[in-house]
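Next come two complexes, and both contain chain A; in the first it sits with chain B, in the second with chain C.
Our next item is the complex of A and B:
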């Protein structure tokens, strides 16, 4: 015989050098963002940039985006593009209001999840079983979600609230605050010391007025990570999004996993709808309440490179932009423009070090334009301010989408055989 | 060397297929197939492309259900509804097109679908490392599959099968993607595993390989088994005649038609990776003359694709010049280059050659949308396109019900004949052919070879990239070997053997006088 291959001691090659681990990137990113905001607020004098009030609003506004993003993550990791998140979220808002005014906040949450999941089920039936183009089905669900809730709210809410576009008020969750800690942080925040006061303000915002829904949502991020990356079910789900033919050939039930993923996706989007309805500012269903947050959630997921940690960062960014404009209006958003100029400065230096002349030049041009804008305007027109989160979405996606890696079979209709 | 010692004839056979028939709408893929595989042997299944080998294996692996016939494994009759049924019965399959998820790690790919065995954590990792030895895989299980080369990916596929405890392993055209040295390593692995008691079903149409590795051979033709043979006594010619019912075509060209008229002149061509970290093409100089076929040999991923796409203008070169008959093409776009007289047979006809959902005559217009006979001034000329498509269909023997059917309705060979016919229309001075006969049947292969030879005799310059070394050696007047983005050696097709070319391609250094290294010594790499 030529060779006898016995089970000889086998030395695998050393694994490739790992780049900086994911959590470290996150920590660095958060630290960088705080330093940037701190310097900006110090330079411009707008303390609202890092105040506890702004943070609290930002958290509240980031929740629906985060939930929609998580929904997108589940679906797209299984290879189904879910542009219908917006529609599922609208269904969630209606469900939350309908159950919420009758049986309280927990019922609202459950109804929202069920309504969203129904939207997800519809998307799954269309895309997985019938092979409808994912975008077409998603757009249809968005239209359906808007139309159906309009019909249902005229039918059910109007007799009660005398307004076809609004539900009767729902009962909110009780909120919790870490009182002692918040007071101590409040003192620090008043201290007006660079960075320390800013960190204190942000932390205080995070521990004040926390509702059970907020805690649940935050928990869903590590939970999604654990389920998708550390369990057998998650491995199968992701394999379906990477190479369904390979998964099928190994006995993985491709359709089943896609169905589960898309239904969970809808449920999460629906929960996002509940987060909007149970939001302290509104406490009812309002037509047009979602305002494109399903799409922004999708953008947050893309920004986060189809990973839960990155998606949390994206949702925080968009929530912050939204919270800032809502709370403090045009002047502070203008201060944010100053922050962007600072950030661009850092990018320019980095690109120069890496000898990327073109990128550096482009960043310089943008920075100069924004700086001129900053010094020539007193405040950003209010018509424009409302669109701040959308503008941030657009800008971030344009810059960040270059090196992202989506699941290989994302959006591809799979047929057995 | 004989491996028949390990074949146990007294046990029930590992696999018996009896009277398997499978019909698809309009086609009978398998009819009355009989196959017996004894335990512990390497059994080869030979047949042309489209003879029904793959369908048969899909039936055995539970991916498709047979309309008639029975399957027995170890003497017991079984029915496979899904691949997991086949896996449970101890049958594993290594697909020709790898079934791997690039963005998952080796470990994730291996344990997928078999998590119940050892979980997905440390225990699974240990088991994978244990099994890696018999497949010759030497990488950490935590590495992403996209970082592996072709041979290692194949080992991961074998590892997947072993991990599930398969005893019968189907290898579907395992050598199609490998260079000769890798083929030898694969065969060593197969023989070693055979000693450990594994049974192999080896699917191939490469007769030399079949005779080298198999203990017995079954030949399949037009969907049915036409006979068995002993690979020790049968000749390649006899096998070939069983396979096709007539003699195999040969790519051999007779006399040289090379002139001294330079058609394509590439000088100092450079191309960097998109992130600018390393060169894909490094200072490539290349001359193709009228009536000459220049062959580019190389392991896939060494820059052949990029070279072709850069010459076509689909990628922008970092530096260097490309001249076609004294006309500088360097700054021109792809359409302008085609108009200057380049015909292009792309390596992936589905991605770059055809619109599969569009009719044949519509596909005729692609790339010729500014020229007669498919265009008239700024307007397209559908009538002209249809007439010319009819011409191609008859001249190039494209088997199709008509020119209005979508390209997807044609078999791979007929699609390729259409592409070659189109690219040889409009009197090109240069034809760039990337893997022109990949995945086509023997008949289409012969026709495409004949057409290339005829055009060459008429003065066409041809740049041929191919992974089929016999094709490369048979058709080319000059062979250049590409390694890590450079043309590192020249080979004389009259004297070089596939093995010599193979070692030059892997950078093992030339072992033959027929291969002359041309490149400067590579810095610290050899």
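Our next item is the complex of A and C:
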């Protein structure tokens, strides 16, 4: 079977042995990714691949995706499919801008959370209480969110900014940098030594210009993991997503847990909207600003197999591709294709060791095609780079859909009875 | 509850509820709702509004039919949006680069559009049939890719050209146009509307008078029962998805063949999502969809009048959104009430039978 292609970030951890704990897979994955990027940038001469600037942009762009993905995780773990994340995120951007220009960034964060949570509440009422199909309700909430914010911004923002599609500027968060550390890392980065300089560049990007929102978001990943997998509440919430009837018969309040999950989901998506508004490049509400990021967050969650760690990996990957394109353009992204070819090379060797001839052959074919693409093109058209997450998600789904495991009762309408 | 009443009550309730909701919103924002609604109704008689409404509802009608084919068997083709976008670009590029006699040229453009839409829909269909990939996720991803793909195709170094400030595909020669019905100062009705009507009739015949339509509806009612009855589920998914994509491929054509004769950056977006809403409103019935499409187009075009009375016209988008959400809730509530009534009735009859025995 061609099942191993999905293991992109964590090369050495591919075997089926589930003895390897999750955190070790993550550490190995990160290490593998850094080595891969480092070798790629060394081979192709594109040092931007691991520069601190790229990392910083990547973090900024990954935040909204990560938050939307976490939103999807909460809701789907309780068995409610939430494609209304996009609409909730739009409501979050409006709320953040509305509170942000009046009372500052912390108010923006709170308002975004409240607005997103309201969207979540609506989704919960429709899907949980009234048993409306989850997809249908999500589509309706996306329409409603877009309409509501357009109306409200024409009504409230236009007199102030003289543009119905934009809010007045929002006050940003103060950002923090670990000054001494960053300088030392900067020196290392300038050193141009294989791997050491690359690690230094990436770390420097991570410790420079960090806003409280970034820290909060990063903390939300382990927090979600802890709440959902290590507490009684989380166990009940997930049991509702796996088998609501069994959960009900054991006395779990199914409706209550679904409501909480979907409202938290909306709040997280709204927070993702705040991350967009408080982004250093924009600092205001702009119509169409979310640009499908709610959907990409959903894609990151699927990429991560409905788990917080994998979701973090997916968001990092998508944010990284986006940031690379934004900072250095299409030819650098083409260098990434070279990196994927290297990765496939490793996979081929691995498959040959494991005597999986068919998947090795498939990996060789894909690698050859990508390599031909790499040498025949000058750059990846910018039109496509923005949609790299979409392509990666389709590829992951096509290759690994049998191995992904979503909550068993995900998307199933449950009725108490 | 009567059958007809069960069908008509939910949409009526939803519309009234949404009007009330928007009325309250207008009052809060300091406007007079009656004046706003009045302005919308009187706008219909002004200028080209009526013809615009009919033209626009034709487009929505095709979009909703495309969505409804999938919905009939619980297949959520969220990708109509992307399918019509890609199909429109491909049709415009092909139509602008070939020379054929009038009529044939138009027909070729239509066929190319349908094929391109079906091809774009084929990817999620094949993924679903061979790999079991959920069509909702894959079509959402295909929608994103469609935006990138169409933007790439109209780049100046690919197929596009710069005209004024706008990048667009080469203009389709006159032999490829589709003549409309002119009403002088009141506008021109797209000739493609007749195709839309024909599609509606064809859809009704297919659903109610053919074996395929029966199998489609059976799969929607109960996929297990249908497959026990010999319906090939994979074939149904593939065929209905391709059919849905082919019809989606026609959505962009009324405007392109009747007015724009090109695909440009300001091509109307979002029709696919409106189509989902209208299909839900019309319960996948060709008549209901026609009503929904007219309502949507009325809200869109008459909403322009709201700017004159000092109300942001985006209120109609809120109204559209709340209509969809409340109509699905209303259908669900009515269904539950009917189910409960049915259970009581059966219970009563069984009770009397039991009592007599």
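Odds and ends about this structure:
By our rule, the second predicted complex is superposed on the first by the 382 of 417 C-alpha atoms of A that agree within 3 Å, B and C clash if a C-alpha of one lies under 4 Å from a C-alpha of the other, contacts with A are read in each partner's own complex, and residues count from 1 in each chain.
Everything below uses one rule, namely that a residue touches a chain if its C-beta (ideal position, glycine included) is under 8 Å from a C-beta of that chain, and two chains touch if they have at least 3 such contacts.
Predicted model only: the values in this text are computed from it and were never measured.
After overlaying the two complexes on the shared chain, residue contacts for A:33 are found with neither chain B nor chain C. Applying the stated contact rule after C-alpha superposition, one finds that A:242 touches chain B and leaves chain C untouched. Of the two partner chains placed by the overlay, only chain C lies in contact with A:295; chain B stays clear of it. In the superposed model, A:154 makes contact with chain C only, not with chain B.
In the superposed model, A:227 makes contact with neither chain B nor chain C. In the superposed model, A:139 lies in contact with chain C only, and not with chain B.
Which of chain B and chain C touches more residues of chain A: that partner is C. Of the two partner chains placed by the overlay, only chain C lies in contact with A:131; chain B stays clear of it. By the touch criterion defined above, A:383 reaches chain C but does not reach chain B.
Residues 1-5, 7-8, 10-16, 230-232, 235-236, 238-239, 242-243, 245-252, 405, 407-408, 417 of chain A are the ones touching chain B in the complex. Per the touch definition, chain B reaches chain A in the complex via residues 1, 3, 61, 63-64, 82-84, 87, 93, 95, 98-104, 108-109, 111-116, 119-120, 129-130, 132-134, 138-143, 147, 160, 188-189, 191-193, 195-196.
The residues of chain A lying in touch with chain C in their complex are 81, 83, 122, 126, 130-133, 135-137, 139-148, 150-151, 154-155, 164, 292, 295-296, 298-299, 302, 381, 383-384, 386-387, 389-391, 393-394, 397-398, 401-402. Put simply, chain C touches chain A in their complex at residues 25, 29, 76, 78, 123, 127, 131-134, 136-138, 140-145, 147-149, 151-152, 155, 273, 276-277, 280, 312, 314-322, 324-325, 328-329, 332-333, 336.
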